[in-house]
Amino acid sequence: MKDSLVPDPARIEDIRNETPDVVTLRLVFEDRGKMETFSFRAGQFVELSVPKAGESTFCIASAPSDRGYIECSVKKVGRVTEAVHMLEPGGIVGIRGPYGNFFPIEAMKGGNVLFIGGGIGLVPLRSLIREVLSARSDFKRLSVVYGARSERDLVYKDELDEWRTRGDMEVVLALDPGGEMEDWKGEVGYVPSVLEKRTIETKDCTAVTCGPPVMIKRVLGVLDGMGFCSSQVYTTLEMKMKCGIGKCGRCNIGPLYVCKDGPVFTYERIKEFTEEIF
Amino acid sequence: MSFGEKTVLGKDELFRILKSISEGCEIIGPVMEDGKPYFRPVEGVEDVAWDFDTTVNGIKEFFFPRRSVLYEQTNDGIRPFDPETDKKRIVLFSRPCDARALTITDRLFMGENQDRVYGALRANTVVVGLSCEKAGPHCFCLSVGGSPFGTEGMDVSITAVGDDEYVLDMVTDRGKAFFGNRGRKADSKRLQEFETLKKRAEESVERTMRIPKDLPSAFESDYWKEVSAACLKCGVCTYLCPTCHCFDIVDEGFYRVRCWDTCSFDTFSRMASGEDPRKDKYMRYRQRVYHKFSYYKENFGVYGCVGCGRCTKHCPVKTDIVEIVSSVDEKGMP
Amino acid sequence: MIGKIREAAKRMLDDGTVRLFLGYGKNGLGDTVPVFLKHKEDVEALYWDETCRYNLTRYLTDRDVICLEEGPVGVIVKGCDQKSLKVLISEKQVERDEIRIVGVVCSGMKDDNEEILSKCGTCDSWNPDETFCDIVIGQTVERKIEEDEYSDVEEVEALDPAQREKLWGKYFDRCLRCYACRNVCPLCYCKECILEQNDPEWVPPSASKENNFYFHIIRAYHLTGRCTDCGECERACPVGIPLRTINRKMIKAVKDGFDFVAGKDPEARSPLTRFRRDDREDFIT
Amino acid sequence: MEKKLKIVGFLCNWCSYAGADLAGVSRFQYPADIRVIRVPCSGRVNPLFILKCFQEGADGVLVSGCHPGDCHYQEGNYYTRRRMMMLKDLFCFFGIDKRRFHISWVSASEGKKWADVVTAVVEDVGAALRGSEKQ
């Protein structure tokens, strides 16, 4: 029997530096058959492991429509992520997954989508945005509000430029006050405040947000104030996870396990547990 | 002998049978160590205690080991560790609460994404239970659906009925296959005696836990701060609990290891970034109570508790979960 | 005695001398539990008997319960607990001004089986130190102090290395790594214990005999020159590891090596943070 | 030939490391079973390092610093002396053979002494291991 806690080896094909402490790994399963059958939906995550360091949870940053590889963006914060940063192209990591639920992209079709991200929280949104863009005509207005501490902390800079210049979506970039240089042309302010200043048509609009817990908390408040119905708002949550399959017992919010019932939740679903999340 | 029918055996005969059927098996049974009873692997049936109070540990660790190696990372890739599935094991004299706990953890480990280690250890082990003649001072099994004479989770149940005689009850096909037809059919006198003893045992359970109907409503109450104030955040309650099953996965050199972990610990839900959704003591204590009496029930249909009372008995500061849960309605509602 | 304890607590809570009072109470089962009182009306919850084993000074550094900066806290101490408190003060974990100490004369505590605790037999401080406590409650007990022979330690020392390894192996094999010993210890107050660090990871968290061996070495070593033998670790251990024997080994070593006994003087510094130029050298290669 | 041992040596930069260097330059012969980690002062040697060595499979550990009174930082090795005294005692109590853990003072000019110390340590560690194998 295949042990669900045993990973499959994957080779690092490429490493891109996103920010001083974030890298994006392009990963290909060693077993070609596994690569071909590996399918996931935007919003799902994998357990990525480095021998001798351990295993950690990462959202898949690439889109399901990107075939032949998966990408993960890793910020250096602890033992596993530091070990990831030490790796070089050609190195081997272990991957288990995909786990968790996903963004209901079908339900978003035909309407507007508002993406709100902060810092490394753009990762799961990137997967969704790429997926949405691969079927652009199914959606109406697309807007991205994304903020980071400073300009160098913005992830996927090239892609942000590409999105901004393609003409069929709105991209608002913001830097935390004090993080901007003189030549910064975007907004200055924390994401929730930047968001608050904008007029957004809530009808037929789905809002999707991910970022640091404090940002998500405030963004949810702002969206509430704008008139978004809590079932229109999706967030993807980060909790400490180990097993990814709802057994190890640490990632629950109330009776919901983030790894199994999430990580994507509507605001409606998690409203009563906010004390435990933020 | 029809299935489900009870038979009667003398102690000597029962001993001989246990000895012969456990031949070639790894035997796990209650033994005394430094004056306290524990479940341990033993050499032979003669080492096993027949009369013992609630053991310090349950039988959980023989199915969900404190530490199990999942696989080894070698130069040639990943080499999974095989639990010894062909080795037969027999657990002797599990108390009804401990055996019942297996049926509770089964729901988690044997369901979707079955756990390989747990599954293998469950499959190769026969559980022989021993009814409790009298409940201990901390027992409250009746409140959570168990009984001192319960047979859930056992393959065979044994009950002492006096005159050094034992009533055998084949609970599962596996138990029957293992034991075969043994003993003589219990006559009505014995069966009546059995029922009397059962009633007496049930009456000896002194403690009752009143589980609130609406635990979620008390979630934000300050009650949890009060009742958890003395908690030391150690893992005694959870590690000795027969149903607590939380674990961690860590790398020890090139071995990936799954080991016990508990919601009481500081590091349990703390992320590498330092964020911790349950950073305060009361949140962790509340998590433990809610996991057992609300979430587990919601997700798996049973409480994550068998009423063995170990958590209260062994708590270094005598935090009494029975009192705490029972008083929620009265003191814990906002 | 209990009347006087309640009275003292009531007075302190009433006149605002303390905002919180740590004492002993009872739970529904009749077991003694630590209680934390905020209001003078609650003092009836206080109890005193021979099952008040807990060392309440442990809670003085528990940030989930007490924030000493917010105002003084009253605490009941027995003679043995008082030693831990002196170490806590000497290590600047507790300011003497932040606490009000109610010393209670103790004539030995009993375990669940009504037997007097082994630590109480050789205890030299049944009467709390009047110069250290704010109040001492109870009649001074006159008793002949038995000389501590460290016979438990010597029994182990008499074994050869392989036998010792086997002995401790037996105990450490049982260890669940529940950390009750560490968490109940008044002197294990580190905000982040090195056992919780994973980068570097000094001991893996899984409970194998070998890992447990290193865990116990670390625990014992961190208490060297600090442990006052309050015995809480051994009492808390669910699997009966004789932790006091380990601690007492180090107490003996510190006494023999540096002529130091922890918990006597709140000004004293731990012997491992000091030295003498003529310290022993007989172990040097 | 006998199996090579794995002995970790923590050597202070100012004395013992220089002493070992001198032993090399002076071509004093000593067994090559020791792997040296240079530390600024023997006082830098956290007892956890020594535990980690044993945990990771070292057969023996040697901590070596300046002679008392000669510490480059005035008094670092006095603390070392106290710490190691206690640690050695504790190891013994737990059944780790005391011959597996050594502390020595070797100055920068004592090349010969370094060679002698290593020879003695290697012999001791070997004897301890042979003893435990017999058990």
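Note that the chains take the letters A, B, C and D in the order they are written out, and that residue 1 is the start of every chain.
Basically, a contact is a pair of C-beta atoms (placed from the backbone, for glycine too) under 8 Å apart; a residue touches a chain by one contact, two chains touch by 3 or more.
Computed from a prediction, not measured in an experiment: that's the story for all the values here.
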item: Touch-network distance, chain B to chain D, counted in steps; value: 2
item: Contact-richer chain pair (by C-beta pairs counted) among A-C and A-B; value: A-B
item: Length of the line joining the C-alpha centres of chain A and chain C, rounded to whole Å; value: 48
item: Euclidean distance of C-alpha centroids - chain A vs chain B, Å; value: 40
item: Euclidean distance of C-alpha centroids - chain B vs chain C, Å; value: 32
item: Centre-of-Cα separation between chain D and chain A, whole angstrom; value: 51
item: For chain C, residues that touch 2 or more chains besides their own; value: 198
item: Chain B: positions in contact with at least two other chains; value: 248, 250, 261
item: Multi-partner residues of chain A (each touching 2 or more other chains); value: 54, 78-79
item: Interchain contacts (touch definition) - all pairs; value: A-B, A-C, B-C, C-D
item: Partner chain A, residues of chain B touching it in the complex; value: 70-71, 73, 77-78, 80, 108-109, 112-117, 119, 216, 219-220, 245-251, 253-254, 256, 258, 261, 263, 268-273, 275-278, 283, 287, 290-291, 294-295, 298-299
item: Residues on chain A engaged by chain B in the complex (per definition of touch); value: 1-7, 9, 30, 49, 51-56, 77-81, 94, 212-213, 238-240, 242-243, 245-255, 272, 275-278
item: In the complex, chain B residues that touch chain C; value: 33-36, 38, 56-57, 66-67, 137-138, 229-230, 232-236, 238-240, 248, 250, 252, 257, 259-262, 265-267, 280-282, 312, 314, 316-320, 322-323
item: Touching residues (chain side chain C, partner chain D) in the complex; value: 156-157, 161-169, 194, 200, 202-203, 210, 213-214, 216-218, 220-221, 224-225, 246, 249-250, 253-254, 257-258, 271-277, 279-281, 283-285
item: Residues on chain D engaged by chain C in the complex (per definition of touch); value: 47-48, 51-52, 54-55, 62, 68-69, 75, 78-79, 81-98, 102-105, 117, 120-121, 131-132, 135
